[in-house]
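Shared between the two complexes below is chain A, which has chain B as its partner in the first and chain C in the second.
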Partner chain A sequence: MNGTLITALLRQRLTSPLRLAFLVMAMTFPLLIVAADPSSGFAAVETSLVFAWIFGAGMIGQDTSSGVLQLLLARPVRRDVYALSRWFAVSLATAAAAVAQVGLAALILSARGARPEPGAVGFAWANHVTSAFGATAPLLLLSTFTPGIGDLGLLWLIYMCGGILQMAGGAFHSPAVLQAGHEVQDFLNPMIDFAKVIGPATSWYEVLAYLSSVTLSLALAIVILNRKELSYASAA
Partner chain B sequence: MPPPPELPRGPSRRAPLLLLVIAAALLVARIGSGVWEGRHPPDLPDRMPWHGIASAEADSRASGRLVLYDFSAAWCGPCRQMATEVFADETSARKLGAMFVPVHVVDRAREDGRNQPDVQALEDRFRIEAFPTLVVYAPDTGRHVTITGYGGAASLMQELTQATLTLRTGGGRRDSL
Partner chain C sequence: MAPGPVEPQRRVRVDSLIRRKASGTMRRMIAGIVVEGLAKSFRRGRAGARVRALDGVSLSIGAGEAFGIIGPNGAGKTTFLGCLLGFLRPDAGRVTIDGHDPDDLSVRAETGYLPERLVMDHWMTGRDFLAYHHGLALLPASTRDADVTQALERVGLDAEAGERRLRKYSRGMLQRIGFGQALLGSPRFVFLDEPASGVDPAGVILFRRLLGELKARGVTVVLNSHQLEQVERVCDRVAFVSRGKVEAIETIAAGAAVRRVLRVRWAAGASVTAETLARLAEQAQAELRDSSAHAARFVVADDGASARLLQALVGAGVPVAEATPEESRLERLFLEPGPEVVT
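Presenting the complex of A and B:
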């Protein structure tokens, strides 16, 4: 990890008006729902994936298309350090936003007379932090393929394909196709439901699937970035 | 003049060998645990107060609650996931039991070649094409709301609450009877 790269990305993201506008919307609307319907609990503030998209879109792709990556890698910066620093910075920002949102939701729920259990707040925080570090890893991988914020489009496209596979699996009664669709979507949005992991039916698959998706995404992202040939004369 | 900072040595492209090895090991463990957990599903009690197909509509009229048909199949992974996370969960099961007259409808077409007549009639009536599918049905108006797939306990509970509101305010689709 490189502190300078992490700080630079955070500064870049927090000074982008468009990203900030989306951040305010993603932060506010779910909280309004919580205020309007306290019975929904924390279900309305499951927005860490959206925060990951807001902070993460174009993690590497934007640097590639703007020519920053070519200049940056002309300096003594290792590509794996660059990739991991980008991922860590985006994950940190996503986790901070999600934790703040859950905290605000807990305050709103308490004010509306639906005070959540401390355990529920703890589970929500743990789920959101792992989701933040999880959802940004596949985005990093996809960002190595596409310039600009094409990674987001690619992610939605693959996610839709996963949904289509699930529908086809259900319609044609094929458990393998159904499971394939699930795996595709789980890979793009790795998360751990701690209530499930600690609950009566402990699922190690849940934990292993998360860790596997994150490490695989990071490793492949570095491999692809290492193979990338950057030219000062190239547009992408 | 201070000496220039020492630059890191070595190539800028280093293969993430350790990360690749860990990722490969975790992938193998993931597949193994997935297969194992699929073959050994957790033995959790089903806490839902299921009603029979034949008596559901009469029970619904008597209690004023809507009917909740849960169409599932033994081979369907998401159905098992839903059973574990929702129907075996005491709070969710109690809430669903208070909101609905729940009916568990298991498709056996894949295993037995055909379904029981009452199951097949319900599947035809609500045009069930995939599993899991939940149908919230109001016998008084003949309208229903269909929820296909399972996206987690929280979102399912939200969808069911929304479906109830839709039917209570005169919305939903007419059934095909």
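Presenting the complex of A and C:
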């Protein structure tokens, strides 16, 4: 990890008016729902994926297409360190936003007389933090080979394909196709439900699936970035 | 100010890079840049034919040498620079910098680079940008403020410009701050791709001075530029690249021994006939090409012939006010080779 890269990305994200506007919307609307319907608990604030999109879109693609990456990699910065620093910075911002949102939701629920159990808040925080670090990994991967914020479009496209597979699996009664659809979507949004992991019937599959998805995404992102040539001439 | 806790760590990282470089006994320890049989091709469009951008380029650039690359658009100059910097993987051949691969971190720690198409993080201020690159270059945090201020001053940007966001910079200011970041940390290798592009005349003069300083400090400079005058003033040697090949590598001094056209102007009022000029030219082993009331053009073989001609003209009472070659030395060397210029 490179502190200079992490700090710079965080500052860049927090000075982008468009990203900030989306952040405010993604932060506020779920909280309004919580305030309007306290019985839903934390269900409305499952938005760490959206925060990941807001902070993460174009995390490498924008540097590549703008040409900033060329200048940056002329410095003594390894490409894997660059990639992991981008991922970590985006994950950190996403996790912070998600944790803040859960905290605010807990306060709202308490104020509305539906005080959540401390354990529920803890689980929600843990779920959101792992989801934050998970959701940004495939986005990083997609960002290594798509210019600008094309990673987000590609992610949505693949997510839709996963949905189509699920529908097809259901329609044609094919469990394999149905499962493939689930796997595609789970790969794009790796998360751990700590209530299941720490519960009476511990599901280690969740943890392993999460770790394998994140590791695979990061490893592939590094491989692709290491092979990437940096010149406008290469795109000619 | 006492160094903060971060500084020793950074120092250790830089030291370890340098140690690694010094302990590379298995590698050939060749000072400077060595390019051997470099070839690179690109596909034009998704399904298009491959275009050969570099075709077996071999050359060496000595440590402390200022080396210019000139050639027409699309000749492969920027691709060549991309290979020197390790941004592009050659199809064949190799590049070494002080015996190391160009993307070796120890090389990068001592490299400054100014790209042709300078794109920056426009949300940063000028100071932020320089501080960012100062950090990426693993320079000590304790000297960051002072180094950034000095870098701004070196490229002629004031404190107010330093506090302004880069999105509000003019093209020339961006080029200046880009040059400033390339000079951070006193690099030993500086790669400049059209550094004076979009810069005002004052900036061009400033850049020329900075390049002179780099040269005096023994920095190896690789300069890719269309501005022949700039290349001529700064570089020791120049490669002329065309269609992906190095057509010629010449020392700038070689331009002195190439035939050229010398334009001589004399003070108004003096009456000099064409016959006199032709006779004087013949005496000086030069050739009169044409003349007008106050000026004439001569073809001279080299610097010695120029000196003899001027001596003859002055000796014959011609009040010579100015004598200038029609082409720069580089133009003479590469663009209009000697014999074709004459007649």
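The criterion applied here is as follows: the second predicted complex is superposed on the first by the 231 of 236 C-alpha atoms of A that agree within 3 Å, B and C clash if a C-alpha of one lies under 4 Å from a C-alpha of the other, contacts with A are read in each partner's own complex, and residues count from 1 in each chain.
Throughout what follows, a contact is a pair of C-beta atoms (placed from the backbone, for glycine too) under 8 Å apart; a residue touches a chain by one contact, two chains touch by 3 or more.
Nothing here was measured: the structure is a model prediction, and the numbers come from that model.
By the touch criterion stated above, A:8 is placed in contact with chain C alone, chain B being left untouched. Touching more residues of chain A than its counterpart among chain B and chain C is B. Using the contact criterion defined above for the overlaid structures, shared-chain residue A:166 touches chain B, although it does not reach chain C.
In the superposed model, A:229 lies in contact with chain C only, and not with chain B. Shared-chain residue A:76: touches chain B and chain C both. By the touch criterion stated above, A:16 is placed in contact with chain C alone, chain B being left untouched. In the superposition on chain A, chain A positions 73, 76-78 are in contact with chain B in one complex as well as with chain C in the other. Partner chain B is touched in their complex by these residues of chain A: 40-43, 46, 73, 76-80, 166-167, 170-171, 173, 175, 178-179, 182, 193, 196, 200-201, 203-205, 208-209, 211-212, 215-216, 218-219, 222-223, 226. Taken together, the chain C residues at the contact with chain A in this complex read 17, 42, 44, 51, 53, 78-79, 82, 85, 87-89, 105-106, 108-109, 111, 113, 115, 117-121, 123, 132-133, 135-138, 181, 191. Every residue of chain B that touches chain A in the complex is listed here, in rising order: 7-8, 10, 12-16, 19-20, 22-23, 26-27, 29-30, 33-34, 37, 42, 44, 73, 75-78, 84-85, 88, 109-110, 129-131, 148-149, 152, 154-155, 157-158. Taken together, the chain A residues at the contact with chain C in this complex read 2-5, 8, 11-12, 15-16, 66-68, 70-78, 229-234, 236.
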